[in-house]
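Got some structures for you, see below.
Both of the next two complexes hold chain A, though its partner changes from chain B to chain C.
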Partner chain A sequence: MERLNDEGQWIVLMGFMVCVGIFFLALIITQSTVVGQTTSEAVLEFPKTEIQDTRSEIIDIAKDWETYTTAKRTNLMDDLKVISMARKNAVVECSITPGAVNDSYYSYTRIIIHYNNGVTEYDETFLLSQPLSQPIP
Partner chain B sequence: MVNDQAQMYTLEGFAAGVLMLITAYLVLGTTTVYTPGDVHIADMQLEQLGSDALAMMDTPDYYGDTSKLENIILGQSYSHAWFYANFTESLKRITESTDTCVNDLQYNASVYYRTDSGEVASYPLSSSIRSDLVSREPAVRVTRWVSVDADTANIPGIPAADQRDPQLLLVEVLLWRG
Partner chain C sequence: MSKHGNFRMDECAVSESIGFIIIFSIVIAGIGLVSLYGYPMLLQHQIGADERTMEQTMITIQNDMKLLSYSNVPYKDTALRVSGGAMSVYETADTNQDFEFEWLDNGTWNDLHFSPGELRYVSDQGTAVISFENGAVVRRQQDASGSVMLAEPRWFYDDNEITHKKTVVIFLTALKTKNNRDLSLNGIGNLQMSRLEEPKVHELSSSVGNTDLRVKYTPDGSNDYSQAWHNYFTGSSIIQGGLDIQGDYYVIEGIDQVIVKQYNITITNI
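And now, the complex of A and B:
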């Protein structure tokens, strides 16, 4: 009867090591493509330009806030809220208080912005400065 | 009679089989994941291109002026044809731009507004959809707020009863490689 041949053990061991090496390389390749997908998905999902755009529009409105009548103010805020909800699935809340804070040279309009589209939430309190015509001595 | 010799070979055969099965599973998994990942990267770039093009159009040439996008909506000095020309040009503004199949971008732009009764309605602004279009790629969506501040607000496309001054409108553009 022929016995099990135990020669060439090193070659067998090397074969196993190469196998395990290739196996780990395959693991790394699968991970790398998943990473590419998740990062681009995260960038697509994050409403960067929408928040920037909403923010700049609200600050533009706040600059002219005191020249608007109450009806015009309500209309603008309703436009912002209703269209955001309908087209971007985002809750946008905003309050504009002129002259909320004052110092010797400036009067500040306090703007509170709230944006939430279910995935990303953004809150900001912004003080918009306007120079006083008559600085307090 | 069952022969119990060469047990090591049998074990090695099993180990190799399991290893090959797992490798095949991983390789097949890789190919199915790779395609959507690739599409997302292209979509991400397209979305950035589109919002940059809209931001350029919505930026006035000097402070206090009305932007070109606002002018187009008000139907003043810039027409819808100008929107088509400028928007497609902005999207393709790269070095050595040519109309290759990769660079063939299509879009459809609408304006959304709030009606007097509080509903959201829209009208088409501009589109590059060709008549010979048979299929299309998935689109990405880019938006831009436009505040119309004209004293005599007269927006072609919005019924007079739904026009207010000032009014916030949303320009929404669907973009895809066609």
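And now, the complex of A and C:
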């Protein structure tokens, strides 16, 4: 009987290897999904400008705080809260205490800001310096 | 010894036809195994992948809804692909699920009922049902009773250090369609949404303070997401430690301000 020719066995082996390869590729393709929230959307959601705007408004109000009547102070604070809630869906609270800290040349107004829109919560204490008209010698 | 040690053994009994039969049966067995186990497994993976893609798509839609409501964007278009099932739009009027909010306002109980409407995906081959409901993305299986929340709505509680005023803010998202049309999608489509109305605001009319807020969720009997909402209310997402359970109601006690904002989003086309 003639001997079998086994020279071509590598073809069969390569066939098996390619099959296994295709199988794994198919598994990987079925795993691929689109992303839900991209990083850029998460960055957009961060209320950077909202906090900056609120902060700038509050500091502007605090500069002339002592010249305002009590009624005007209450109105300003209420408006700030209502507008923040209506436009930016954020709870804003703040307290302004003039002359909280003093040194020889400056009087400092203490401003405490609280901002919360459910995703980002921001708290800040800020000392606003105003030069004393009569520096303490 | 020399006879057995020799590499060229006696090959008198080796038959080419038997060899062929062995190789052929191995090939047939291989094909059989792949079609019996391999192909169904791949199909199963495909169904799972479709469902997972849909979960992500729903979260993308939730992001668009956030832009429409919180960021005051009037129009939004999203291209999406729905495979392995169909996505349908249910109007507020067509939904049976109901959110009930109660709070004590100046001595009388203020009662607010809200039907959110729903964007619902139902898988054909699989069992998953994924919905966008009132700002949340929830999921359940058709043959099981439980449900999970994949993405939460933005309800929050604020207790600040300055005035110690305890505020609860609740956002409601109502879905409407133009002229009450029935809309659904299977395949590739474009979801067009708009919000042209100002949000409706319900809040405490007086600043009496120290009220309780009671929330109740009544599910649609055929599409029950109560477990998902239960987990959301009793988890630490809104308030540390969760809301208390009193009968059917979830309760937050001792709050000073309640703000409920309702956004009406119109699905123009899909």
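Throughout what follows, the second predicted complex is superposed on the first by the 100 of 137 C-alpha atoms of A that agree within 3 Å, B and C clash if a C-alpha of one lies under 4 Å from a C-alpha of the other, contacts with A are read in each partner's own complex, and residues count from 1 in each chain.
Please note the rule applied: a contact is a pair of C-beta atoms (placed from the backbone, for glycine too) under 8 Å apart; a residue touches a chain by one contact, two chains touch by 3 or more.
Because the structure is predicted, anything quoted here is derived from the model rather than measured.
Participant: Quick check for you: in the superposed arrangement, does A:61 touch first (chain B), second (chain C), both or neither?
Facilitator: The first partner, chain B, only.
Participant: Taking the superposition on A as described, I'd like to know which of chain B and chain C A:78 touches: first, second, both or neither.
Facilitator: First partner only, chain B.
Participant: Is A:23 touching anything from chain B or chain C once the two structures are fitted on A? First, second, both or neither.
Facilitator: So A:23 meets both chain B and chain C here.
Participant: Name the contact category of A:50: first (chain B only), second (chain C only), both, or neither.
Facilitator: In the superposition, A:50 touches chain B alone.
Participant: Output check: A:124 vs chain B and chain C. Expected answer is one of first, second, both, neither. What do you get?
Facilitator: Touch partners of A:124: none, neither chain B nor chain C.
Participant: Looking at A:87 after the superposition, I want to know if it touches chain B, chain C, both of them or none. Which is it: first, second, both, neither?
Facilitator: Both partners.
Participant: Classify the contacts of A:116 with the two partner chains as first (chain B alone), second (chain C alone), both, or neither.
Facilitator: So A:116 only meets chain C here.
Participant: Name the residues of chain A shared by its contacts with chain B and its contacts with chain C.
Facilitator: Residues 1, 4, 23, 26-27, 30, 33-34, 36-37, 41, 44, 86-88, which sit in both footprints.
Participant: Mind pulling up the chain C residues that touch chain A in the complex?
Facilitator: Answer in residue numbers: 11-12, 14, 16, 19, 38, 42, 45-46, 48-49, 52-53, 55-60, 63, 66, 70-72, 151, 154-156, 158, 160-163, 165, 167, 169, 171, 201, 259, 261.
Participant: Of all residues in chain A, which touch chain B in the complex?
Facilitator: Interface residues on chain A, with respect to chain B: 1, 4, 19, 22-23, 26-27, 29-30, 33-34, 36-37, 40-41, 43-44, 49-50, 53-54, 57, 60-61, 68, 72, 75-76, 78-80, 82-83, 86-88.
Participant: Per the contact definition, I'd like the list of chain B residues that touch chain A in the complex.
Facilitator: Checking each residue of chain B against chain A gives 5-6, 8, 16, 19, 22-23, 26-27, 29-30, 33-34, 36-38, 40-41, 43-44, 47, 51, 55, 112-114, 118, 120, 140, 142-145, 147, 164-170, 172.
Participant: Applying the document's contact rule, which stretches of chain A touch chain C when the two form their complex?
Facilitator: Per the touch definition, chain A meets chain C at residues 1, 3-4, 23, 26-27, 30-37, 41, 44-45, 85-89, 91, 93-95, 112, 114, 116-119, 121, 123.
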